[in-house]
Structure formats: structure tokens, C-alpha cells
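Multiple structures follow.
One chain, subunit A, links the two complexes that follow: it is found with subunit B in the first and with subunit C in the second.
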Partner chain A sequence: MKLLALSAPLLVLFALAAHAEDALFADMGGQAGIDRIVDASVDNYLADDRIKTIFDESNIDRLRAEFKVQFCQIAGGPCQYKGHDMTMAHKGLHLTNADFNAVVEDLQDAMDKAGLPFATQNRFLARLAPMQHQVVSR
Partner chain B sequence: MKKLIPFLLLLVPVAAIAQDARTIIQKGRRFSVPEIAIRRGESLTFTNNDEFIHQIYVQDLFDTEERMPGQNITEAFPRAGTFDVRCHIHPKMKLVVRVN
Partner chain C sequence: MRLPIPALAMAAALICLPAHAQTSWDMFDGGKLLATGGVSQVEGAGGGGLANWALITGYGTRDGIGGNVHYTAVPLPDYSLQSAGVAVGLLDRLELSYAWQEFDTKDVGTALGLGRGFTFHQNIFGAKLKLIGDAVYDQDSWLPQISVGLQHKENDRAAVIAAVGGKNSVGTDYYIAASKLFLAQSLLVNLTLRETKANQFGILGFGGDKHNDYSTQFEGSAAYLVSRRFAVGAELRTKPSNLGVAHEGAAWDLFAAYFFNKNLSLTAAYADMGNLVIKNDQQGAYLSLQAGL
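Right, the complex of A and B next:
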């Protein structure tokens, strides 16, 4: 009985954590919303003179599909990204902090166009931020 | 000289094996040659000497897993014909294989 009493607060914490994750996925419009954001972001990257050459050799359809799964997982959605880790995925591209910042700006623009509130954008960007040191290599 | 002969005989089969599986290098998101001719049943070994992950596929023939830098893939060409070898990740990569 004591065990039950002790574990109850833990269960509440787990439930709250799960809810917070699900909340961001839902707040971004679920998978349909994420798909729109990814498509708009990639369109921005390809039109952005600062970074468009990075994608010259890439399979853009494949890239869009991978971003959609990865963003879904990062937002706490029911997806499992099975691609390579960010260090390996960006190896050889020799990306700079300026490149990373341009990518983030283009993503923010896509989220603006999707009508995502500033606070929701920041919650998502906060989860992407730790990737910067894996993506940037010079 | 007597000692050298067994050593030279040992090299003959090694050279024959090297000819059987020809090697194509993947580097700079390109294949080392744009075109190659081989005999039916021969294999090509693709060595990823690039900084990037690669894989290779030929429509209706094979579609490999991804390979990290430093890894190899060997694929046989059992049918005669002309085949385009490509990479799903880097669509500009193309090797034409003519199988006689």
C-alpha cells in the first residue's frame, strides 16, 4: 500500500512529461502541420543564396521525408527517426555556425507562415539547439 | 631463384581474384569512372572513400543498405545489358555498367 502511495507522484510526473511532449506535437498541428513546416523550410533552404549550394548533391525528396519523421519525433509525436545521427549525417558538408543560423532562420520563417505562435516555435527550437555542435564542423 | 618461384606462384591466384572483382571508388560524391564494361556474372566492388554515406542501386537488380566511409559493397551483374548504378542519397552519382 505504501509502495502505491509512493509511486503515485511518479506516475503523475511521467504522465505530465508525456503530455508535454504530446502537447508540442499537437501544438505544431500534428503530422500534417509538421509536413507543411518541413516543406516550407526546405523550399526556403533551396531559395536561400547563403545555403542553397549545400543541397546541390542531395536527394531533396528523401531529405523532406527524413525531416518529417525526425521533426515528428523531436516534437514528441508517434514517429521513430531511423536515420543516421546528426554528426554522421552532416559529415563532409563542413558546415559553419552561419550555415546553421541560416537554416534556423529559414525554419522560423516556415513556422511563421504556418501560423505557429512564437512560444511554440521556441519550444521546438529549444529541442533542436543541442544539435548545433553535432551539425557544425568548422 | 628456387626460393622465389613458390612466392611468384602464390601471386598468380591473387592477381586473378583482383581482376574478378573490379573496384570502383566513391569519392567527392562521384564514382571514380563514369562507365565500365564487364562480363556477365562478374562483380564490382564499390569502396566508399568519401566523407559521405553512400549506397548503390540498379533498377530491378539491387538496392543496397547504406555504407559508411571506409566500407565496401560488392554486387554481381548476372544479366547482359547496360545498367545505371546510382545512389539514392546523391542522385547526381551515376555509373554506366555495360555487361557483355
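Right, the complex of A and C next:
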């Protein structure tokens, strides 16, 4: 009984957490919203003098498609990213924190353009931020 | 107003520094995200207004250098405090800072027999070393960014300090600071423990007739990020009460900081500095401008 009394609020918390996860995908406008954000951010990367050379060897169409699936999964949407892990994907690029932050700024601009509220942007960025550990190698 | 000579020297050194570095101005990579270097706190370190943060000042990443100058004015009902300074952040690891502070007693100077507009000055030399953690990236961990540092303060009014019961005109504060960005909540939280003997931040010297040992004081702040450019928050800083002549209480403020870009920010606050010597309730505006890279 005691255990049940303790676990009830826990279950509520888990339910809320799960809801928050689903909510982010919806709050980002579902797959359509994420697609818009990815396309705008990739456009920004390719126009950004600080980082555009990083994508010299990239297949941009494939990159857009992979980002769309990956962002969907990270936002808690019904997607399964099957591409390279982040360490592999950025191997040999020798990226710096400044590069990583430039990508973040371009993504923020894209989310601004999509009309995503700043607080919602930060909920998403909070899930991307730890990727710095795998992406930045210099 | 005396010229803050050491500040000018440090500013000159800051400007000349890249000339000796191989990569020249490229070292100023400006690679950090907006606002993540903080602003200049009242003693010149990277932080908020009253409170020190664990973040290293400026916009240099771990591959670069950042630096800034600041000017802060705190016009209080019976006094005025101003500060100017310069700080550098090296490799997002080590911060060196210098601040010059002037405390003007205005009419109170007459009442205290010091003369109208009697001023105290402090030179404050600071160093801060980041030990562990990253306040921004480590969103998958509860570990905050933790830094340790010191602020060495030299006050030019030894005789007055002795007359009010202060034991020394020179003192050094030591601190440990923790900062954590709760990004999903758009909230930056900072906690600092400071070992200090300072009376009124050192304006009335260090140690006193009532208490002359170091004591552990607390400073904390929370900032809500409204947008990339705009943050609002509150700060609290406790202070020791070492002097028999007047009880010293905590200081707090409510602030808003606007970042025009990585080169310019303006912080405005409503600050309560508590009771200063013979005047209670010293509350007023706090305005600080920071320019840098």
C-alpha cells in the first residue's frame, strides 16, 4: 500500500515527462514544422561564411533528409534515426566550439523564422546541446 | 575623478596582446553564444551585477580569447558608487580582471567630518579559473560549471578605515562559484561561496573591531532568458558584519540585461545595498555598460 502511495505520484511524473516529450514534437509543428526548420537552417549553414566549407563534401539533399528524421526523433516524434552516430558523422571534420555555436545560431535563426517561441526553442536545444561532446573534436 | 591607470595599462596590454600571438586577431574568435560570458559584476568579474558567476568572461571559446571593458554607476540616495574595469577570458578557462571603484560620500561626508564628497577608491585585481563542467553544453548532466577565484582589493583610505574600526585597507576574497544553465527551462542559476573579511565590499576596509576573521558569505542569482538578447533576474549577496559602528546586511537586486550583440550589453537593475554606514535603505538604480569581444 505504501509502495502504491509512493508510486502514484511517480507515475504521474512519468506520465507528465512522457507528455512533455510528445508535446515538444507537437509544439515544433509536427513533422511539417520540423521540415521547415531543417530546410531553413541548412540554407543558413550554406550561406554562413563561418561554417559553409564544412559542407563542401556533403550530399546536401541527404543531409536535409537525415536531419529531418533525427530532429523528429529528438523532439519525441514517431521517427527512428538510422544514420551515423554523432561521433562518426563528424569524424575528421575537426570542428571547434565556435563551429558548433555557429550551427546553433543558424538553427536559432531558422526557428525564429518558423515563429517558434524562444522557450520552445530552448527545450529543443537542451536536447541537442550534449552533442557538443561528440561533435567537437578540436 | 582619478584616472584608473592600471585599467588603462591592462586595456593597452589587451590591445597589444594579439600582436604577439601568431594568429593575431583570429584569437578573438567571438565563438561563444550570446550572453554566455555574462556581464561585468560590481568587482569586475564575469557575472551578474552583485553576484559572481562560474562563467569565464568574454566571447572567446576554449580555442580563443575574449575581453571587455565596463562602466557601472550605482547612484544611491545618499552615496554614489561607480566602477570601471577591464577583463580578459583566456581559452574559456582563465579570467583576469581589474576594476577601479569609487565610492562618493556626498553630503554624508560632511556629517562624518570627512568633508563633503569625500571619496573612497579601490583597485580590485581578480582571477578566476574554471575547474570542471560546462554550464551550457552539459544539459545531460546535473554537474554545474565550477570555478574558483580570488579578488584582491586595495583601498586608498587606510586612516578613515582605521577610524571606523576597520583592521586593514587591503584584503583578498576567495570564492568557489557554480553556474548551471537549465536550458529547457531557459533558466541560468549561479551559486557562489565567498571567504571574505570585506566591509561593504571593501569600501570600508577589511576586518573590524567586532569580527576580524574570514567568514563564508553566499551570493546567488537566477536569470530567466526571455530571448537570445534579453534576460531578467534577481540576485542576493550576504556580507559579513565586522564593524561595531554599523550593522551590515545583505544586498539584493532585480535586473534586466540586454545584449545588443556580442560587443555591447546594458544591464539595468534596482539594487538594495542595505544600510551603508549611517544611512539606512540605500536603494537605487544600477546601470552597467559592457563593451568587448
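Operating definition for what follows: the second predicted complex is superposed on the first by the 127 of 138 C-alpha atoms of A that agree within 3 Å, B and C clash if a C-alpha of one lies under 4 Å from a C-alpha of the other, contacts with A are read in each partner's own complex, and residues count from 1 in each chain.
In the analysis below, a contact is a pair of C-beta atoms (placed from the backbone, for glycine too) under 8 Å apart; a residue touches a chain by one contact, two chains touch by 3 or more.
Fair warning: this is a prediction, and the values are worked out from it, not measured in the lab.
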Fit or clash for subunit B plus subunit C once both are placed on subunit A? fit
Superposition-derived angle with apex at the Cα centre of subunit A and sides reaching subunit B and subunit C, degrees in steps of 10: 120
For A:118, select first, second, both or neither according to whether it touches subunit B, subunit C, the two together, or no partner. second
Could you look at A:92 and tell me whether it touches subunit B, subunit C, both or neither (first, second, both, neither)? first
Applying the document's definition of touch, where does A:84 land relative to subunit B and subunit C: first, second, both, or neither? first
Which partner does A:130 contact after superposing on A: first (subunit B), second (subunit C), both, neither? second
Going by the touch definition up top, name the partner, subunit B or subunit C, that contacts more of subunit A. C
One more residue to check, A:59. First (subunit B), second (subunit C), both or neither? first
Just checking: does A:47 make contact with subunit B only, subunit C only, both, or neither of them? Give me first, second, both or neither. neither
In the superposition described above, what is the shortest C-alpha distance between subunit B and subunit C in Å? Please give a whole number. 23
Report, in rising order, the residues of subunit A that make contact with subunit B in one complex and with subunit C in the other. none
Residue ranges of subunit C touching subunit A (in the complex, touch as defined): 29-33, 61-64, 92, 134, 136-141, 183-186, 225-228
Applying the document's contact rule, which stretches of subunit A touch subunit B when the two form their complex? 56-59, 62, 84, 88-89, 91-92
What residues on subunit B touch subunit A, complex-wise? 29, 50-53, 66, 68-69, 88-92
Partner subunit C, residues of subunit A touching it in the complex: 96-99, 101-102, 104-105, 108, 118-119, 122-123, 125-127, 129-130, 132-133, 138
